[in-house]
Structures are given as C-alpha cells and as structure tokens.
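One structure coming up, written as structure tokens, with questions to follow.
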Amino acid sequence: MKKAFVLLLSSMASLSLAACGASSSGNAPVMEDTKTTSSAAAADNTGSTTSEEPIRIGLATVLTGERAMEGEYASNAAKIITEEINSSGGILGRPIEIVIEDGLGTDVGAVNAYRKLADDSSIVAIVGSDNSNDNIAIANEAKQAQILSTAQGSSPTLRDICNENPWLFQLRACEETMIDALIGYAVEELGYTKFALIHDTETNSSDQARLFTMALEKRGIKPLATVSFTTGTKDFTSHITKMQQVQPEAIIGACLFNEAAIIAEQIRAFGMTDMPIFGSNAWADPVTIGLGGEALNGVCSAAAWVPNTTNEKGAAFSQKYQELYGHECAKAAAQIYDHVSIICEAITIAGNTDRAAIRAAMNQITDYHGAITIYDCSTNGDCGRGGLVVRIENEVAVVLQEIYSEKDK
Amino acid sequence: MGQIMQLFVSGLSTGVVYGLIAMGMVLIFRAVGVMNFAQGEFLMFGGYLCYTFNQLLGWNIMISLILASVGMGVVGVLFMRAAYWPLRKAQARAIIVSAMGASMVFKEGSRLIWGSIPVKVDRVLEAPVKLAGGGIIQGQYLAIMIVAAILMLFVYLLLEKTFVGHVMQATAQDQYMASMVGVPVIFSIAMTFALSAMITGIGGGLLAPLFFLNNTMGSTAGAKAFAAIVIGGFGSVQGAVLGGLIVGLVEVFGGAYISTTYQLVLIYIVLIIVLMVRPQGIFSSKIQEKA
Amino acid sequence: MKNKKKSSIIVLLTALAVFALAPLGMGNYMLRVLNVALITYLCVLSVYVLLGMCGQNSFAQAGLWGVGAYMAANLVLRAGFPPVIALLAATAGTALFAFVLGFAFFRLRQYYFTFASVGLMTILNGLFMNWEPVTGGALGMQNIPKFSVFGIMLESEKANFYFILIICVLTFVVMRILFYSSIGRSFMAIRDNEIAANCMGVNSLLTKSIAFGISGALCGIAGALYAFLSGYLSYQTFTYQQSTMYLIMIMLGGTISPVGAIIGTMIISLLQEFVRPLANYMQLIYGAGIMILMVVQPEGILGGGKALYETLHKRKRTGPDAA
Amino acid sequence: MKHYINEKEPVLTLHNVVKRFGGVTAADHVSFELYGGEVFGLIGPNGSGKTTLINLITGIYSADEGNIMLGGKKVTKLSTHTRSKLGIIRSFQHPRLLGRCDIETNILVGVDLAVRRRLPQARDYQERMNILLETAGLSGVNLKDSTERLSYGQQKMLEIVRAMLSYPKVLLLDEPAAGLNRSEMNYIRALISMATNEGIAVLLIEHAMDLVMEVCNRITVLNFGKQITTGLPSEVQENTAVIEAYLGGGGQLAANQ
C-alpha cells in the first residue's frame, strides 16, 4: 500500500522536475511560456517597422491579488510605450518587447518573478515594481544576476540601497525634495504652523511620514499630533478626534489611495469642511480623486504625477492613455513609461544589448526629460529629480509649481 | 463629552456594518455547521453587482440594490451547489478549503470583469446627520442602520413565522432528521445560502460608497465580521449583530484611548480574551458537551 | 511484509535521488522555487503534525514561520550570533513560544481553537508590520547573511538547495519516528476521540501543547532557513493568506501521512509557477483548480489513492470468493 | 462462582455522589464500594444514570456533591487522565478506537498508559498481549490491519484488551455485550474472569441479564439516578422495587427471566 503512494510520489516528483528543468533551461532564445506571457504587449507590435528579433525588457509587476491595480496600469503603459518605440523604428533598428511577470504582491512572488526574468538570457533589463518592499527584496538578486534593474519605490532607504548596489537604479524622485517643497509651500507661503499628521504604517507611507516630520523640523515645527493606522482601516473616527483635540491649522496625510479618499470624506463629514490637507503623492492620484470626489477639493499634494501635468511629454502620454483605455492615467502607468524609455535610451547609448554595457550606459544619462520629470542617473539612487506641487480644485489636480533640484554629487 | 458621543456613534455605525456581514455568516454556519470562508467575497461581489446596475447602467441606487440582492441570491445557490453540496458529507476542513478556492475565483473573477481600480456607487443618503447628543453620523451609515434593522426583522420573521423558515430551522438543527420527516434538505440549504448571500450582497452595495469597491474589499470587512461572530457567539443571529457592535466599539474606543496602529490587533486580542473566558461567545448559552 | 517495506524504502530513495539530482540542470529561478517549496514543506509538515496527527486546525502557522524568521534575523544581525546558533535558537525559541501559547489556546476545543489561531495570526502580522525596533517595521529587515557553518558559506542557490533538502529529509525521518512513538499515538488518540484519549491517560492540554510546540519548531526552522535564503524579511510574507495556503496544501495532498504534505506542497508550489504563462488568469485558474480538486478528492490525493488501492485490493481478495 | 473477600479494603468507594443536569438528577446520592477481584453489576432501565456514573468515576463529568475514593485516595476533583493514570480504566458503549490506525497502534496506546503509570512490567507487553488477544478471540487478526476491518464485536473486545494492557485497578465496562453474538459473549466472559483473577475490580453495566446474573458478585439497581437496592444477584432478582422499576421501564427483567 505504502509502495503505491511512494511510487506515485516519486513519479510525480520526477515528472514535475523534468518539466521544470525543461522550462527553465534558459538557453533557448525564445521561451515558449514567456512568449505567451508577453503576447499582450506583443499584440500591439503590428505597427512595427522591423522584422528583426525584438529586444526584450522584463517587467516585474503585480497582476493578481491585492495589489493588482499596479499591474493593470503597468500593462497598459507597457503597450503604449512598446507601440510608440516600435512605430518610430525601434531601438538599434530592432523592435522592443516587454515581458511581464506577476510578482503576486509578496516577497517570495517578487523574487520568483524577478528570477524568472533574469534567468532568461534574452532579457536585457528588468523594470521593478512600484513597491519598496518588492524592490528591496530583489536588490541582492540584481547584484547576483548582474542585470540592469530599476526600482519604482520612493523610499529613502531604497535610495541608500541603490547607491550601494551597482545594478539597481531608483528611477524615481526620492520624495525628500518633493515633500520638502510641499511643506515649504504650506509653511512659508500659506503661513501654517500647527499641523497634525496621519499616516499609514505601510512601507512607503511611513517613510513619507518621516519625511514630512523632517521637513517640518527643518522649519522649527513639530507636528502637534501624529496618528498612524494600518492599511485597510475604514473608520477614522478615533484618528480624526485625536487630531481634532490638538486643534491643528492643517492636516498632513501620508497614505494610499483608498485610505486617502476615506480620510478626506470623514474629515469633511465631521464638520472640518475647510480644513487644509497636505497629502503624499497618492492624494492627488486620479484613483483617489475618483473615489473621494469633492471631499478632496482643497487638498495640496506633493505628487510625482497628475494627469494634466505641465510636462509636455507627460501630457501627450496622459492624453494617449485616456483615449486608449477610457480612464485617467495614474502615476503607476507614467512610471512604467519613463522606466522603459530610459532603459531604451541606455540601450541606444550602449549600442548593443549586452547586459553589462547597458548598465554602464545608464550612468551617462544625466539629463533625460521623461514624462514625469527630469532624470539624472549619474548615481543609482534618487534619479528622478523632481515632481509637482498640486492643489485639487473641482476634483481636478492643478499644478501649482514644478519642483526640480540638481543632484548632489 | 461630545467627543465620546461621537466615538460611540461611529462605533455603533461601523458595528452595524460588521453585524450585517456577520449575520449572513451565522445563517450559513447554523445551517451547515461550517464557517463560510468566502462570505467576504459575497460582500464584494454584491457590491460589484450593485455597481454594475448603478454606475454602468445608470439605474437608481435603490433599484440597483434590490437587483444586486436578487442576483446574489442566485450566486449564493450556485456557490452552495458548487463548493458545499458535493462535500456535505466530507470533513469540515474540506469544505473550508473548497470555499477558499471559491474565494480566489470570486476575487480574481471580479478583477477580470470589473478591473482592479477601486470604484464606488451612489449613496442612499447623502448628507451627514447631526445627532441631538452632539455626534455626527454619515447619512450612508444611517441608511445602513435602517436597512440592517429591516433585514434583521425580516430574517427573524422568515425563520420564526413562515413555513420556509421552519424548514430551514429544522434542517439547521439536524439534517438527517429533517430528511427523515420529508424536508427537502437541498432546497432548505440552498435557501439558506441564498438568504445569506442576499443579506451580505445588500451590505456590499451599501458599503461600496463608504469602503470603496475593489476585489479585496471582502477580506478586510470579512476579517472583522469574523471577529464579530466569535465574540458574539456563532450560534445566533442576534449574537452576531451584537458582536458586530462590540467590534465596532472596541475599534473606535481602542483607537482613541489605546492605539490607532494596533486597532485590528486590539480587536483580535478581545476575541482571544472572550474565547478564553466564554468560548461560546458573549451572547450564546453554553452547550453541554456530550461525553 | 518485510519485502514490502524494503521495496518502499527503495522507491523512497529513488524519489530522493531524483530530487537530489534535479537541480543539476536548473536555473536560479527554478532552484529558488524549489527552495521555497521545500521550506514551505516544513511549514506544511507542521500543519500535518497539528491537523493530520492531532486533529487541531491552526491558521497561525505562517505567523510562527515569521516568528522563527525574525528571531533568526535578530540573532544574527543584532546579537551577532553565528547562523548555526541562530538557526537552532530560532527553532527552539519558536517551539517554546508555541508550546507556552498552546497552554492558553488549548483551553479551547476544536474550532474555538481554530478561531483563536486566526486571532493569533492577525496579531502576529500586526506586530511584524508595526513593531519597528524588533522587526524593522513595514520596511522589514535586510542584508541577512547567507547560512554558513564551519566557515563554509552557502553562497549559491544550489548549495542552499542541498542544505535545505538535508534538513527536510531529517525532519521527515523525525516525523516518522514521532508517528510511531508514544507521543505520536497520544496525538492520534486525541484526534480520533479526545475523551477516550483522556480515559487512556492522555493529558489533552499538555499533549496538544506539545503538538503545537513541535509544529512551532518546524515553522521556526523553516523561518530561519527562509531568512538565510532570502536575506530579506517583511510583513508581506507572513500573512493569514499564507497560512490558508498551508491548509490547502495539506488537504490536497492528504492528511494521513507526511507524504501527503510533500505531494500537496509540490503540487501547489509548482502549479503556481506553471500557471504563470496565464498571467492575468493565473490566480483564477489556480483557485478554480483548488476548488475542483477538493470537490473531486475530499480526502486529498493520498486519501483518494488509498481508497482506490483498498477498493482494488478488496476486489482482488474477495474476487475468488465471489466467483 | 468466585466469592469476594469482605474483609479487604475496597478499591473504589463512592460516597453520596450527586450529579444534576439542569433539573434532572442523574446521580442521586449514590454510594457503593468495589473490591478487588469482584464483578459489581450496575443495572437499571435506560436513562437511569448508569453511564453517567461511569462518567463521574472517570472524571468526564465532575460530581456536584459527594466523594469518590480510589484505595483511600480522594479522586473526586482529579482530571480524567490523572484518574486513568491511577488505574481507573473504562470501555465505551460504542468502541472508541483510533479509527484510522492499525490494531497494533491501538494496543500500544494501552501499553503507553502502563508506561505512563510507571509500572515495571509495562514494556514487556508481548506475552500478555498474546494471551489477551487469544482470550478475546482476536489471535487470528493481522496487527497491521486497520481497526475498520474488525467487526463491531471485535472492536469492543479490542477496547477491553487495550484497557487490560494498562493493568487497571478498576475496570469499568459499559455494556460490553451489547450488539454481540453468543460466541462473542463467551469472550467477554473470559476477559472478565481474567480480570477478576488478576484482582481487578470490575464494574459492569449490562442489559443482558443472564450475563449479569452469571458473572456479578453483587449488583446495584439504579432508577432515575437513585439506588433502589444493592445486593447479591439472587436478592436483587426477588426485590419487588426492582421488578416494579423494570416493569415500568419495559419489563426487561421479567422478560429475561
């Protein structure tokens, strides 16, 4: 009897392992399964002018599970940029193809997705996901695999990690400058001195909260109250009453989309209809505005991106996105657009698709004008050099000022 | 004073929400003796049905709610037929696992149909209402309270006063005996699942403007409804609703006076304490264990 | 009888050999998948001890996995212990943690305990996310060194594979010994009828706590292995969803033997990677697959196989009589 | 028929034991003593509180009033597993074996208890096991077979074998003969006499009156939780209160006569 199980087990193990071995051999130039994966992106290649073998760029994002929204924007943006580049002749005379893998929103999933891409020798660079945790999880993988990888997270911790890791680039403005600009605007131009801070304890938001506090400290101000919550909180009565008790002139919020909208609605519902709110970048995202509606009017935010950005390239992309997909373009999409463009720029500079050559070319990109901002990749961390201070009026984020700063070298 | 009043009002209003979801869970638990691990997904799916009628087709919110509820009734029966019925004689944990699989199907199916960008539906009552004691309650919460009260009354009347209700009760108590005296067990259980899904589905539609709809809405709300059932006692509908209120109050007052970061942790600490002190839940009577 | 045992050992060894030789042609990606699957196997084995042997269903196993992982990471990074000591200490520490908690939790019977374990999981995850001085908060803990012993650093994925495989085989053997020991029989007596077990001198509170402690040890060792393997820990990993995966794995494999844990873990872990090409539809198909498998085979693949075998066997045995 | 020795200290003493379930008194001031080597019969109509009494003695229920003593040691407040470690072992009305395990594992559970009781002879169980299996008519079974392969009667027998392997001081048998055929009944007789020969005090609940009258040294009759009478089988048979109770409860005693 036992024999039967064991037989079953061993045959299964050998079968499955044989299958894995075959599918992960990685020597074949085009792997059967990744071809299917990327068919979504490849389908739009109809306008491609060249019949050469495509240059393949990996995109590790989150397609399923709790953070699937990121993947939806990312896949859409990937289609647009693929089509754009291929219709204008491609890179080095070859079309590009974006291979998407699902990181599932877990560390293990992020590493598996990354490794699957890195193991495929035909992939020349990998775009990472929009989450500092995922980015940190793959940091050492990038070192090992020696392939140019980009990180979308904006955490200062990630900046330091990137600066020590030759293969990982933070193609995003570390939010220090942006948050500082927003607080500068609030304190110096609007004259507020009493703030209450509410933040999510999730990675990005808690980092942002730290930056907000730092920016206030720089101006000699301490937030009167700091309250935190965990992602998924739906009722903010206790948080808001805590903030109300200290009678702030303005509230600072650092959190994700859903929570930003709920907090705004509840603040307004509790009678603080005119309370100024200064929020992290999620507050001005079209997703948040779509949910929170008029409750978000008057919110100022340090955003990396808004759909009606003043950036020319960005505005064109934003319009194209809106036309193709029927909803407003969010930051998650614009970032993919920029990341892929920069990688293509690096490939052009390198002149070939050698992984090391592409990585070396990255450092030569010091003044790239992307859809979001200007990028300086002379060092690995904090490559995005700016963003926008925006104010939401009539449920539209309006740009108040553009932020830009030179990289300290 | 005004602040405590506000906390109290908010606690009660979110508590009713949890109670409403918990009520749906309890109905199924009583009928089949297994916690439905896909109940949160009923909430999410009901919300999306409501969104389809209300936002995509542009119909009135009340009509959308009713249609969504009817739709959920069908979903409930299908769910029961696919995930529960084939396993009715298996161990409880097999049913739990199949419900978990179904829950994934619900979540991912909804994402494929409706996308992953969160959406919302219209509110039933728009403006916040000022209460006499000094608190403010959002109009939608007030609407939920009213609907919850109506649903509770409806469930009570249905179970206690109608023939169908008696059939459902009889099945819940002893499936074998019920089948012996001629109660069509499959019909009765299907009714229970349908009723549960309908209640939870309406909850989803009503919650969509407050919690916003995405495919993970069910897990977060479901976690608290689960706590509500355990705290209130999972034998009775009343216990579930009262448990929901306790969860709501613990959440708000715990947040205000202990820690906002650990709100969810506090709820579960209360859950464990209640289990230690009164395993059968606060509002259920002790069941004598049979030797 | 003896012959049968011998042949089953041969088959097991063959399976092991297949496993051991498999990574030779594999890339980093598939190796990592296998490594994580093996670590997951240890956690599923902990569910086997609790559920399969002792009849107690816990949803806190991923939390215990996290306790082990953070403990090992803290011992190495903050206290500066060598990895071997950290591995052992994390195993013992998690075991002790679970054992002590068991005394509180097993005052609750059956599904009351399960409910409390859901609570424990939520609380642990909340701590992993927010207890900054110990867990590094939401950002987690980075730069955990690879495992090293006697000055040999397990740098490559392949070296880690063999190391983890050896630990898995050892734990499998320990589980077999446990199965045939007096304590294992106490577990099974409780599973089959708790009152009857009490009447045969089994102290249920102590015995169940021991079972929880053993499951804690398994999760602790798995956690430490994961910490050394991945080098990075964050709250995203140690979730309630992960715990539910363990239950799904053991249920699909079958709860009657630790072999069921192997089958379940390998099927689910590898299935997840095989359905990757479906991209957007991957989780949908995956969920539907779990549901269908459960409906078709409520006793798990092993249980179904056993039933099939017994039917065939019976037919063979009763065949001549009937004719 | 063997006779117990009255001068000996009782092994098990129940003194005014009371157990109430809500309004129902399932055990109403029950008192009796059990001596080593005797078979004490506990009879009464269905629902008269016989099994409740076994549950009280083993500690599954805790007594509301009164005392239970094991060889001069008060065990009333002790937990079930502690009492079984002191030597109070029972069988169940419906056998409760390790259903998914083989026969050997089930037997070893009894050996485990003997080991836990720190009995010096515990680990040399092989010979005793063979004798017991033979006495119980189970010598032909394959120890590696699952218990599900056994007949109902064989499962009951296995349960008693398991109990005997732990060297009990008091053996409580809850309707061992129910559902058994004539030949299996003989194995029960053999097992009981083996127990009494070893000086074990046996408490027997049984509806099969011929068995009760044959093997019991003394009998107590319960009705509605109260002891109607206690005495020798012949005395009990003639007691009018007993006949009345049984006639009220279906006249089984009369029928069995």
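Chains: A, B, C and D, in written order; residue numbering restarts at 1 for each.
Basically, a residue touches a chain if its C-beta (ideal position, glycine included) is under 8 Å from a C-beta of that chain, and two chains touch if they have at least 3 such contacts.
Given the structure is predicted, the values throughout are model-derived calculations rather than measurements.
Touching chain A and chain B at once are the following chains: C. Chain closest to the overall centre, judged by the mean of its C-alpha atoms against the mean of all protein C-alpha atoms: C. Of all the chains, the one whose CA centre sits at the greatest distance from that of chain D is A.
Two chain pairs, B-C and A-C, are weighed by contacting C-beta pairs, with A-C ahead. Between chain B and chain C, the centres computed from C-alpha atoms are 32 Å apart.
The geometric centre of chain A is 34 Å away from that of chain C, both derived from CA atoms. The mean-CA centres of chain B and chain D are about 49 angstrom from one another, to the nearest whole unit. Centroids built from CA atoms put chain D at 42 Å from chain C. In chain B, the residues touching two or more other chains are 108, 261, 264, 291. For chain D, residues that reach two or more other chains under the stated contact definition are 60. For chain A, the set of residues touching two or more other chains reads 64, 201, 228, 230. Those residues of chain C that touch chain D in the complex are listed here as 1, 182, 185-186, 188-189, 192-193, 195-196, 198-204, 256.
If you check the complex, the residues on chain C that touch chain B are 51, 57, 104, 107-109, 111-112, 115-116, 118-120, 122-123, 126-127, 130, 195, 240, 244, 247-248, 251-252, 280-281, 283-284, 286-295, 298-299. Residues 58-60, 79-82, 84-85, 89-90, 92, 96-101, 105, 108-110, 112-113, 115-117, 144, 162, 166 of chain D are the ones that touch chain C when the two sit in their complex.
Looking at the complex, you find that chain A touches chain C at residues 1-10, 12-14, 16-17, 19-21, 23-26, 33-34, 36-37, 40, 63-65, 100-102, 105-108, 111-112, 115-116, 118-119, 132-133, 136-137, 139-140, 144-145, 155, 157, 161, 201-203, 206-207, 228, 230.
Those residues of chain C that touch chain A in the shared complex are 4, 7-8, 11-12, 14-15, 18-19, 22, 25-30, 32-34, 36, 126, 129-130, 137-140, 142, 230-234, 236-237, 239, 242, 257, 259, 262-263, 266-267, 270, 273-274, 276-280, 282-284, 301-302, 305-306, 309-310, 313.
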